[in-house]
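Read through the structures below before going on.
First chain A sits with chain B, and in the next complex the same chain sits with chain C.
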Partner chain A sequence: MPAFPKKLLWVLLALAFLVPLLHPLFPDVVSDYRLFLVSTMIIAAIAVLGLNLLTGFNGQISLGHGAFYAVGAYTAAVLMDHLNMPYWATLPCAAVVCFIVGYLFGLPALKLEGHYLALATFALALAVPQILKYKWLEGLTGGVQGIVLNKPEVPFGLPLSEDQWLYYYCLVTMVILYWAAANMLNSRSGRAMMAIRDQPLAADTMGIDTSLYKTVTFGISAAYTGIAGALSASAIAFVAPDSFNIFLSIKFLIGLVVGGVGSLAGSVIGGIFYVLVDNSAQALSMFVKNDLGLQFDLSAYTVFGILLIVLMYLMPMGIVGGVYLLMRRLRSLRG
Partner chain B sequence: MKTKRRTFVAGASAAAILSSSRAAFAQKKYDDGASDTEIKVGNTNPYSGPASAYGVIGKTIEAYWKTVNEAGGINGRKVKFLTMDDGYVPSKTVEVVRQLVEQDKVLCMFQTLGTPTNTAIHKYLNQKKVPQLFVATGASKWGKPKEFPWTMGFQPDYHTEAVIYAKHVLANVKDAKIGVLMQNDDYGKDYYEGFREGLGKDVGRIVKHASYETTDPTVESQVIQLKDAGANVFFNIAIPKFAAQAMRKAADIGWKPVQYLNNVSSSVASTMKPAGFDNVQGVVTAQYLMDPTDKQWDNNADMKMWKAWMTKSNAQANLTDASNVFAYAVTFLMHETLKKCGDNLTRENVMRQAANFQKFRVPLLLPGITVSTSPTDFYPIQAVQLSRFKGESWELFGDVMHAEST
Partner chain C sequence: MEQFLQQIASGLANGAIYACVALALVMIYVSTDHINFAQGEMAMFSTYISWQLMTWGLSFWFAFILAVVFSFVLGVIIERAILRPLHNAPVLSIVVVFIGLLAICNSVAGAIWSYLIKEFPSPFPKSSFGIAGVIGPHQLGVVMVTLIVLGLLFVFFRYTPLGLAMRAAAQNPQMARLVGVRVDWMLALGWGLAAAVGAVAGIMVAHIVYLDPNMMGGILLYAFASALVGGISNPGGAVVGGFIVGVLENMVAYAGNQIEKATGIYIIGNGEKLTVALIIVITVLTVKPAGLFGRVVVKRV
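What follows is the complex of A and B.
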């Protein structure tokens, strides 16, 4: 898939940094709650980005990225709770822990292809919440009770609200991770990763160490998702096993497919899409019931499902793919 | 400066007149979420996901407010009940509660359901000074007015209930050897810890402690373990499905301990009947609400009123589900709290009124059980009555027991 136009990227980035400063002008539009919601979108986007590195660029399917997200969140929470580590220092720690876990999981995953790998990762996602409750780990993880944390405080006496600061914190993290991913993909290693996805046999013949690349990609992908988890621990200020159920992994997969498999910009759009639609589906079903007064009990998930089907029908290549297709058609019409 | 006696008296009476006149022509005072026409009440419930069986509570509460609004509302104001699905996922609860508080601007949160989900919003709501009233969880941590002055529970907490069982065991069973079956989560642990505390120095009487996960297919092997450990008392901390399995299995393998069953599973329809009435004679539990499937309440005025309301205003709901009784009772209390607020609908006053019930009778509570709160007591219901299963229903015995929780 073609890369995102650079100019547009810079404009979007500048906008993203400026928006919270508009708060005094439009206090109701740029509210703390909206910024918090955008922060959760950014976090989802980072997690989907991690999954995209593995599935979109390396061709390994994972239904279990919720597990790495949980490991990242718990790493951050335990470090903050037991060692009083500052919240920003937990990000690299979560990345390292998740890289190791992902790498180790990637080793046996080498023997599994396609659907079998999907099932193995699915099992991982099912197991992690149970493991977090395990009695030997309870002292560390707080068992089912979880761990209550503090929200990141605004540093250096900056005149920002907690949510504004959280927004910048998430945004900067995402920009760095996005930049790193874009550079990695545009290098020898990135091309090797994609070669393995497209033609594993040919890649092997060319002298690419496929098993090394696959396991390391698994590790990097897990690290990305783990960082997202660590950010979410700070944003929500609470971790509990119930937050990391199997739907979380499915949610990342939906974000990936909707945004665009194998597109970095698509990951970001996918993350945003998921949070947005998930929330508006509920608002829509409430609106139908309360304001329109229809005695039509439409559950939020029904609305969500319908939206998803329509979208997949209209844009089978995801949003980014759909937009490119549209642009190409327009261009050919003009030409 | 010296204050003369006369000036003092004059000043004092002027002040008295002023304050009394203020009471007489009380100004309408509103916080976010309240106006001349409307009171916004927020709620979260798991309408989807693994705990969606509890979703009926939200639906019944909604039906209750609808009835209130059709009858003219509370002091002329309609209740706008905004209930959101959080799927029992704490991170989602934070999201939707922030939306309710910051975008929809509700006056208070009411009956948010679940222990982990309420834990996730506990600090937030207290920082924002938004009432988190009558939460739907039996954990013991919701009644701490000093640290969390904006949060209040409703039902007797699991901890207290378990202490009562422990005391009953010690007083009534000679040479008790106790086997405990426990669901491995916060609810199970709350009970288990309360039970251990109630036993005190006799905690060694627990000879076996077996746990299960909600994902397990059966608890049969756990029951066999308890029997093999030589237990003659069985404390059953399980949700209805597993509680019934366990009691049935105990009868099948010829194990006849003195049985204590947690209140969570006291429903005749969903626990006792599936376990087989023959197998559950003499089982002891503690109750605070009337069970709709228990025949002894068929002629009770409260129960008749509830059943009539259910068939008229909440027709799609299940008449045998005790959750609907619970929802009605707790919403009645919220209704009363808002009524008492009068025209002073500030968050502070909502909390003040919620913390100001003296032996208030809520329909569908067992006879003799009332709601009492105060600025230092944030546990509305703290009394239960033990009952023993006989024939096809529960038979209350002994006195209503009041327990002060920690």
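What follows is the complex of A and C.
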């Protein structure tokens, strides 16, 4: 997978930081609601990034990353609710808790490969809402009702709205995490991770401690997704068990597949994509009903499902990989 | 004591359902090495079909047969159209396609029939059926129907030429092809049969869990647990595993109930059924991946 062009990355980053400041000029275009939407996209991107570290770069399939997202969200929510911890301090806590949970889940996962690992993580994703409702945890998690939180307040009297602040908060978190992931993948450990994905036996004989790398990668991946969960807890200011169902994990999978398995930039694209489709499902449904004249409530998941299958046929490397392949072909045609 | 018997009986009834779904999973696994994550949603879809036919005025058993036939055809079509071309694709692609199927089945069912929970009738007469106080009429009926279906499948695979050809295609595709078995079609047929068996399970369980697009989530998880307990490469094992897991599930809840009564401490109950299944799945996978009756896979290095 090619590296994302550096210049383009900087331009995009500068744009991302400047756009909210245009609010006074174009109040309708850069509205608070849109910024909030973009914040949820950023959160989704981080979650997909976490999944990609595990599935894309280390070759361990996970259909249950919604579980780690839930652990992150609940860690943040419980800390804020019971210990009055400030929202920004919950991120490292969620990361640590999720790393431990992910690492522990990674231990039995060591013995599983391919379909079996998918099966175990699928089972995890199905069971998560019930585990969160467990009676003994009710005092902490608030049971079925969940926990209601406050949105992050704007600090230091900055002249920003709540949503603008949230946007910057998410953006900075993502930039840091993205940078860390890019550096990690570009290091010895990152290459070891990918070696395990491509040739587990060869990696083992080269002296790579495959078990250690696999479990630690599981932990790191869970930590990333957990941070996304913690961010979402403060962004939505609410957590409830039934929002962490199997379909959450399916959304991450969509992000992974659409963006590109084994591509960091692809994870961001994938995250943006699934939030976009999720939010425009209603418009899509209206389009099907009014313009195509079909009496059919098109839901986002129908689109997701069809896309998953079609992409596996046309672009198994995701959109980023597909575009790259296309560009290379065009170039070879010209040259 | 009577409560204990009741728990076992209802466990057997649930187990019959798990056995069916587990068998469907194993049939696909044995022949193609794929785990069908969409099995539950496909069964749910077939159940809706039978519900729709019934609201159009068909009798239960007629709707049942039509829905099962429909599932068979759908299964064959899915295999031929979607999975066949991906036969040599990496595991992730296959898993993703199954998840895609799951999402499509679920959302399309929701779009056509809405997410409202619906009542589903039971075909078995209320009185003079079942044993009073131990097993209800519907539960007994479910066990009987499943046993009949399983028996038919056994006879089909054991004593008919087509069944033999299908087994050959699953066990050794190359050799089967050499002796003139059309392996591709056998696999598609296997898919169709699996979908049909799943549909039977869905229609039987809908009276118990009610009809809604997410009704099969928990059942699929228990079916996975059953298939793994019995050994995912062994159809007979899957059936036995289904009954074991069904009884076990109820026993765990019953024991939790008794403990709570005796000591007042709540440990486990009906609310933790999926967690129990998760624990079974992970324990079997890590401790004894071959299950009770499965073939031990040895990897050559």
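Keep this in mind: the second predicted complex is superposed on the first by the 304 of 335 C-alpha atoms of A that agree within 3 Å, B and C clash if a C-alpha of one lies under 4 Å from a C-alpha of the other, contacts with A are read in each partner's own complex, and residues count from 1 in each chain.
Criterion: a residue touches a chain if its C-beta (ideal position, glycine included) is under 8 Å from a C-beta of that chain, and two chains touch if they have at least 3 such contacts.
All values reported here derive from a predicted model rather than from experimental measurement.
Asks: For A:Arg329 in the superposed arrangement: first (chain B), second (chain C), both or neither?
Replies: Neither partner.
Asks: Once the structures are superposed on A, label A:Leu201 by its partner contacts, choosing first (chain B), second (chain C), both or neither.
Replies: second
Asks: If you tally the residues of chain A touched by each partner, is the higher count for chain B or for chain C?
Replies: Looking at chain B versus chain C, the one contacting more residues of chain A is C.
Asks: Looking at A:Tyr301, would you say it contacts chain B, chain C, both, or neither? Reply first, second, both or neither.
Replies: In the superposition, A:Tyr301 contacts both chain B and chain C.
Asks: Is A:Leu253 touching anything from chain B or chain C once the two structures are fitted on A? First, second, both or neither.
Replies: Once the two structures are laid over each other on A, A:Leu253 reaches chain C alone.
Asks: Quick check on the superposed pair: does A:His82 touch chain B, chain C, both, or neither? Answer first, second, both or neither.
Replies: neither
Asks: Examine A:Gln130 and indicate which partner it touches, taking first as chain B and second as chain C; both and neither are also allowed.
Replies: After superposing on A, A:Gln130 lies in contact with both chain B and chain C.
Asks: Once chain A of both complexes is superposed, is A:Met312 in touch with chain B (first), chain C (second), both, or neither?
Replies: Touch status of A:Met312: second partner only.
Asks: After lining up the shared chain so the two structures overlap, which partner does A:Phe122 touch, if you call chain B first and chain C second: first, second, both or neither?
Replies: Touch partner of A:Phe122: chain C, not chain B.
Asks: Would you please give the residues of chain A that touch chain B in one complex and also touch chain C in the other complex?
Replies: Common to the two interfaces on chain A: residues 130, 133, 247, 299-301.
Asks: Give the list of chain A residues in touch with chain B in this complex.
Replies: Touch list, chain A to chain B: 31-33, 36-37, 40, 130, 133, 143-146, 148, 232, 236-238, 240-243, 245, 247, 279, 282, 286, 290, 299-301.
Asks: If you look only at chain C, which of its residues touch chain A in the complex?
Replies: Going by the criterion above, the answer is residues 33-35, 37, 82, 85-86, 89-97, 99-108, 110-112, 217-218, 220-221, 224-225, 266, 269, 271-275, 277-278, 281-282, 285-286, 289, 301.
Asks: Mind pulling up the chain B residues that touch chain A in the complex?
Replies: Touching chain A from chain B are residues 47-50, 80, 82, 84-85, 87-92, 94-96, 98-99, 102-103, 115-117, 119-120, 122-124, 184-186, 189, 213, 215.
Asks: Which bits of chain A are touching chain C when the two form their complex?
Replies: 55, 61, 63, 108, 111-112, 114-116, 118-120, 122-124, 126-127, 130-131, 133-136, 201, 246-247, 250, 253, 257, 261, 296-302, 304-309, 311-313, 316
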